[in-house]
Each structure stands twice: as structure tokens, then as C-alpha cells.
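Shown below is the structure under consideration.
A, B and C are the chain letters, set down in written order, and residue numbers restart from 1 in every chain.
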Amino acid sequence: MMTNKLTKFCQRCLYGDDHPLGLIIDESGICSGCRIHEEKDTLNWKDRYELLEKIIQPYKQVNKKNYDCIIPVSGGMDSYFIVDVVKNKLKLNPLLVTYNKYFNTPLGIRNLANLRIKFDCDIIQQNTNPLSVKKITRHTLQNYGNIYWHCIAGQTVFPVQIACHYKIPLIIWGAHQGTEQVGMFSHLHEVEMSRRYRKDHDLFGVEADDLLSNFGTIQEKDVSQFRYPDDQSLAEVGVRGIYLSNYIRWDPKAQHESMIKKYDFRTSKFSRTIDAYDFVDCFNYMNLHDLLKLYKHGYSKVTDHVSREIRHKRLSRNQGHKLVLKHEHQAAEFSNLFCSWLGVNEKSLNFILNTFKNLKYWDHTYENKSKFHGWSSIRDLDSSQKASAKLDAQSKFIVNGKLGHKHGNRYITIGKGYP
Amino acid sequence: MIKKRMVGVITVKDSLAVQSFGYKTYLPLGKPAVLAENLDRWGADEILLNCIDVSSQSKSIDLNLITSVSKAISTPLIYSGGVQSPEDAVSVVKAGADRICLDAIVSTDIHMAVEISKTLGRQAIILTAPFTRSHQDHFWLDHIGCKLNSINDLIKTIEMDIFSELMLVDSDNEGIRNSFDMSIMDKIIPLTPIPLILFGGISSASQIKKIFNIKNVSAVGIGNSLSYKELAIKELKSSLPKEWFRS
Amino acid sequence: MKRTTIGIIDYDLGNVQSLRNCFKKLGYICVFSQEIKILKKCDILVLPGVGAFPPAIKSLREKKLDIFIQSLSKAQSLIGVCLGMQLLGKSSEEIESNKGLGLINAKTIQLPKNYTHVGWNNVSFNSKNFYEHDQKHFYFNHSYYLDIPKKYILASSRLDNLDIEVPSIIKKNNILGIQFHPEKSQARGLHLLECLLIDHLE
């Protein structure tokens, strides 16, 4: 919902009130995301964990004839932590499900294999045929300036489809993004997975059927894999998706570092952000996808990561701002891989990318030297406070790996075999 | 036989659908049209588009918003927020609403409310009456004029015969689950000749059971809590007597 | 095979987007116009209506659409929805006395005791052709109703509070009237509309 009004900024984190998920800044100048984050330090998390134990109890299979729950996983994000909680603490028997993003880094594939081996879990993987995935990606890139639709659509729908097919009603997710970023819900609301949230925020209003058109190339066979099960199917099985972040004090950095120690989760440096943990399984999320975010929304992932760390009191606001300035305009890497995968040349790709520069944040949409006036350039800061862009011991991220491997950087093709 | 209705309420502030808590604090939810489409698919009996910043901030009615919501649904749509003239009412209906709520205008210019009712027909007009508790008593809240009117004044307004239903809004408990103040019902029920819609702090099946056991109540409005779970309306209806709802 | 065309009459009253969506979903070509030369070419004409009788009939007269509707050929069908159904009658007492389009020998009168019929009520069909819709619920929103000879009533609804029945669907030759809003009655309404159209075209 882009309007012409000036962006108002939170006085605590770095978010502006034109955040794409919606953000409300109260009379004290503090945003809804920061207000809900305050609950992390006021709620009784012991009680909340006991609530979680009560919720999952009825799903424990007494006769062990089926899995107790489904956990959507990948080679990045909070997968290790979630599986550790579910299997080792809640003592549930999970079925892991994962969606092949195509943009797979060797590091991500390694992490995923390590996950299922270390935790000794069964895993099902969804592979949508490459022709359909490329058709869809071409369409979403040209029409919405988005290369990630198939990834998010697949990741969010495949677990639900498996829940219906295999009659495993409980799906356990990690963090609720709306709650964590913009305080869409209080932890006390115990919000659960919904098709509404997926359409509104994950898929920017575009579901599978919205991609079909009489004039386009995308057909029923291309989108059927991404279609959400209907309400009747959900009701028959009693499908329900809960978020651990409503019951466990969620701190991704601390959680990842514990998983590095205990289970050898591997990480990598990124040029466009401070975080080295979340998106190690994908060549594009922190590169091309992140660049498009900057073009369309006037800020990028580093602002999300830094705002998170500010709220956890590991960074000051000024420090965070300096870090954003350091990383935000770094070049997006691995575009050559994307181009050869999709079958476009880099010049054409850049042309398309530039058309998505939002004139609220960019001077013009021509290729070079378009002046940026996004969040980091208009945010008000306390200039009297000195800040360094250097991360200290508590704010530093552990780097123990690389996205690619010694044979070079390329997408790992699932099922092809090595090399 | 006319069935009881569950009205899905979408509260809108600055074009964003929000969770509202006592109309004082808010949390963002998303695009109103996407919430409406979802309620439509779930089988809400009516959808109320509750635009709370039109009167209070002297904004003009966002007709594009109404159109975008109405395009997404095949469920009856009620519009609330800043209708101040018959022209407003006609524009809102042309944009896609089936019924409208009158709130502020009833306090500021009752004759205009009469004209609006004549233009659209009584069936299309709902009187929205936010109430509050003060010193052990209930009052009809005029939130624009910041006044407390008596319940008697409310009854007199209803007796003008220009509304089809009365929507009582618990403005103190709005946004808090399971908290609608039922004690106002003893004052209202004996004196109100038109059916009631209750809204504000209604979320649980046990609460709705008590409410729908009152014959004069035709509908409940449910807001924030419908966004907490998948298939929320179905879950509520399945915990209540089947014969209360449409088949 | 030529697709059936539906022409929704535009007389500046109410919103017809939901009706258009329904007809589109059912596979009909749908136009929305006040131009007689366009409406003349449609197989089925739909007269929608939201609001009160006096401004509606006034608007039809000003646009000369009343004469057009009254001179409809037998080859064309006419469907009146909600207020549109009431406009088909001879007269109305809503707010003031007014003449209607006079296509059916019926008059619009107020529901007793100032009652407004709002919400989901069940519909009882007099014809076995609609057995799967019998006793199902559809959305009503009116405070006046059509007082019409029984022979034209295809379906009716009971108002328990008043102990009376009101016509919910009427039919006379090539004219159909629906008092409730099928376009606002979700999937059920769409399905009934589909059946009514098929039955009516036969």
C-alpha cells in the first residue's frame, strides 16, 4: 500500500511505518514490533512452555502407527532448533518435509543432510518439475519483481498438503514472521497458521490460481502443486499449524549458536547482511531477492536482522544504522547462476530489475546511478551518539563455512547425484 | 426461520486492517480485501467493514476500499465509518455495500440520519451504539463529541423507527477476548423493539451460546480473534447448536 | 454454439459487481448498460435494485427504461432481483404511492408491524424441479414485499414473528422475480441462480 505520505520511523528499531507487512507506531514513537518484542522480557516463558506441552499432548500417537507431527525444514533458518525442541524436548516423532528451492547451495544441502542424520528423522522432499518452476519464476519476475514466489509458495503449502494426504494434523513451525517483525500478534494470541496470512503476506496477494490466465503461458499443470488444500480437506484432518515462538522465548541468533555447538550447523558470511545463519541454503535470498526488496520497499534484509538485534539489546540504534549503511548497497552475487538457470542474459535481467525501482525510494528506474532515498537515507537518528559498524563479541556472528564448495558455486540439482 | 448470524468484523485504520484494543491501541493485520475474501470463503454470514478513522479524523470515505472488498466476496457487506449524508450512503452502496451503520451522525444531526434511512430503506440502516461503563452505570458513548448519553436517549432514538437493527458495541472491552459486558442487556432488552447485534470482546463459543439464547439478539460481530486460527468461524459454529445457523 | 447474453440494466442504483461476478462464473456473457440498443440484443435482462421504491422508479422513468422494459418481447426474459422484483408490480406504497412497471398484477406493501426481513431465511419451493434447494437459506434484506396471486409464487419464506409467508421467487411466463440476494448468498446462491436460469431458459 504505497502512499505519498512521509515515512514515520520507530524510535527504537529501524523500521518505517510503510513496512510491507503493516506497522503501527504508537504515540510514544515505538512501533508495534518493538512493543510485542517487550513481551519476550515480561512473559513467564516457563508457563508458556507448559502450555505448549499441553497443546501437543493429544497429538502423541499412542500406538505409534503414524507420525506425531510435521516439521517443515530447510538447510537454513531455524530448522535445527525446531527439530531439537520437537524431538528431544517434546519427545514427538516428527516427519520432516522440505521443498526444493532450486537455488540450493552446497552448504544448504549439507546442512539438510546433516539435520536428518543427526536427528535421525524421516524426510519427504517436494520437487516440482523445472519447466513449471521456471515458467512461474519468469512470470513473477516480470509481473511482480519477485523471483521467490515458487519458493515461498512451495515451502508454505507442501507441509499442509502432506498433513492432508498422510492425515498428520499437527504442523510445527518456528517463528511467526508477522509477530516477530511487526508485532502483528501478541504471543498471548497464540496465532496459528492460516491461508489468509500466506496469501496476504507470504505471496503478496497472489495465490496459485491467480497465476493462471487465458493469455499467459502458465497452465493448470504448472500451478496445481502450489494450490492450498480446500477448507473441507483441512477440516476433515483437523490440520493445525502452531508456532514455537509463541511458547519459547525466540532468539534466532542464540538458538543458531547453540545448534552450531551441539549439531555442527554450518554457516556463511553474506556481503549484504550481518547475519550468517538464516539463509545459507540459498544463492539468491541474500542476493538477487534482497536487491529486489531494496528496489521495491526501500530497505533490505539487513534492516530486518539489525532491528532484531537492536530489540535483543545486542546493538544500539545508531550502530544498527551504521551497519545497514555498510551492507545495504553491496553488490548482489551469483546473478550469473540465476541467469543461466532461468535462460535470460544479465542485461535483460538488470533491465527488468530496474523497472521495479519504487519511485518513492529511487529517483528513476534507469540503469545506473539512480539516487536512493529509501529508509536508511531519510531516517532520523541521534547524531550526538557515536557508533561503530564493527560487531563486538555479543553481536558477532560465527562463520564456519562457505555457501559454495571447492568445485565451484552452482545450484545443487536434487536427485542428480554428485558431482 | 431466520437464522442467527456471525458477522466477521474487519477494522480498518489508515487503509490497513488492524486488530483494535479498546479503540486505543492497534496491531497491523494486512489488506482488508484479503481478510474479507478469507471470511467469505469461511462462510461468514455477513462481513462488516469498520473504518474507524473516517469520522474521528474528518477523512473522506474510501470508496475504492469498499469496491476492492466487495469485489472479493459474495457475502453481504455492511459498511461503517463516516456516512454523513444520503449522498454518502448512495455512494457507499454503489461501491458495493449492502447495508450501512450510522454512528456519529446520529448524535450530530438526527434529521440527516432520517434522510439517509429514507434514501436506502430501513432494512439497510443499522444504528451503531458504542457503550461504556462509568460509576456502575452504562452510558451511550458519543466518541466524537466526547459525551456520555443516557440509555434512555438511545431508546428514544431507536423509537424513531429509522433503523432495522441496533449494534451494541462494548467499547471498553473491545479487543479483549471473552469479555463483552452482558449486564447491559437487562437494560436494553425490555425496551428495544428491533433486533440486536452485539460486538466488542466476543470470541468464545460459550459466550456466544449465552448471547444467542437471548431471542432478540440476531447476530454477533467478531473481530480480532478470527485472525488467530484457521477455519475460526467453522470451529465456533460447530461448538454451538446446529439449528441456530443456516444450512 | 452461441453463449447466452445477460444484460444488467443500469439505472444508477446500487452495485451490480456481485451479480456480474455470478453470471461470469456461470459462463454467461454479461453486459451492464442503460443503452436500449445494447440491452435489446440480450437474451436475458436483469433488473437489480437496492434502496427504496420511489427513487428507483423515478430513475427508470427518467432514462425511459420503464417503457423499454414494458415493451419487452417474448423472446427476451426478465429477472428482477430484490427491489427489482418489486418494481415489476403495479404499484408500491413505500414512502409514498407510486405506480410500478405493471408487468405483474401485484402490489408492493409494507411488512406488518414495521418489520424488516433481514438475514438468512429458508425458502420453500412449490416446484419439485428445485428439490435440492428446498428449505435452504438465502440472504434477505427488505421491509416491503410483493402481494401477488398465489399462482405466480414459485417459492416463499415464512416470517415466524409475523406468522405470514412472503413470496421469495415469483414467475410469470418470461418474467422471474427473486426477493432475496442470490449474488450475496455465497455458493448456495450461485448454484440456485444457475438452476433458475437453466429452468427459465427452457
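Just so we're on the same page, a residue touches a chain if its C-beta (ideal position, glycine included) is under 8 Å from a C-beta of that chain, and two chains touch if they have at least 3 such contacts.
Since the model is a prediction, treat every value here as computed from it, not as a measurement.
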item	value
Given chain A and chain B, the chains that contact each of them	none
Centre-most chain [mean C-alpha coordinates]	B
Euclidean distance of C-alpha centroids - chain A vs chain B, Å	36
Separation of mean Cα positions, chain C and chain A [Å, integer]	50
Length of the line joining the C-alpha centres of chain B and chain C, rounded to whole Å	28
Contacts with 2+ other chains: residues of chain B	none
Sequence positions of chain A contacting 2 or more other chains	none
In the complex with chain A, residue positions of chain B that touch it	15-19, 25-31, 34-35, 37-38, 41-42, 224-225, 227-231, 234
Chain B residues within the chain C interface of the complex	1-3, 5, 40, 43, 45, 67, 70-71, 73-76, 90, 93-99, 118-124, 161, 164-165, 194-195, 218-219, 246-247
Contact footprint of chain B on chain C as seen in their complex	12, 14-15, 17-18, 21-22, 50-52, 55, 94-95, 114, 116-122, 135-137, 139, 141-144, 158-160, 181, 183-187, 189-190
Residues of chain A that touch chain B when the two form their complex	1, 3, 21-24, 26, 32, 36, 178, 182-186, 189-197, 199-201, 205, 231, 234-235, 239-241
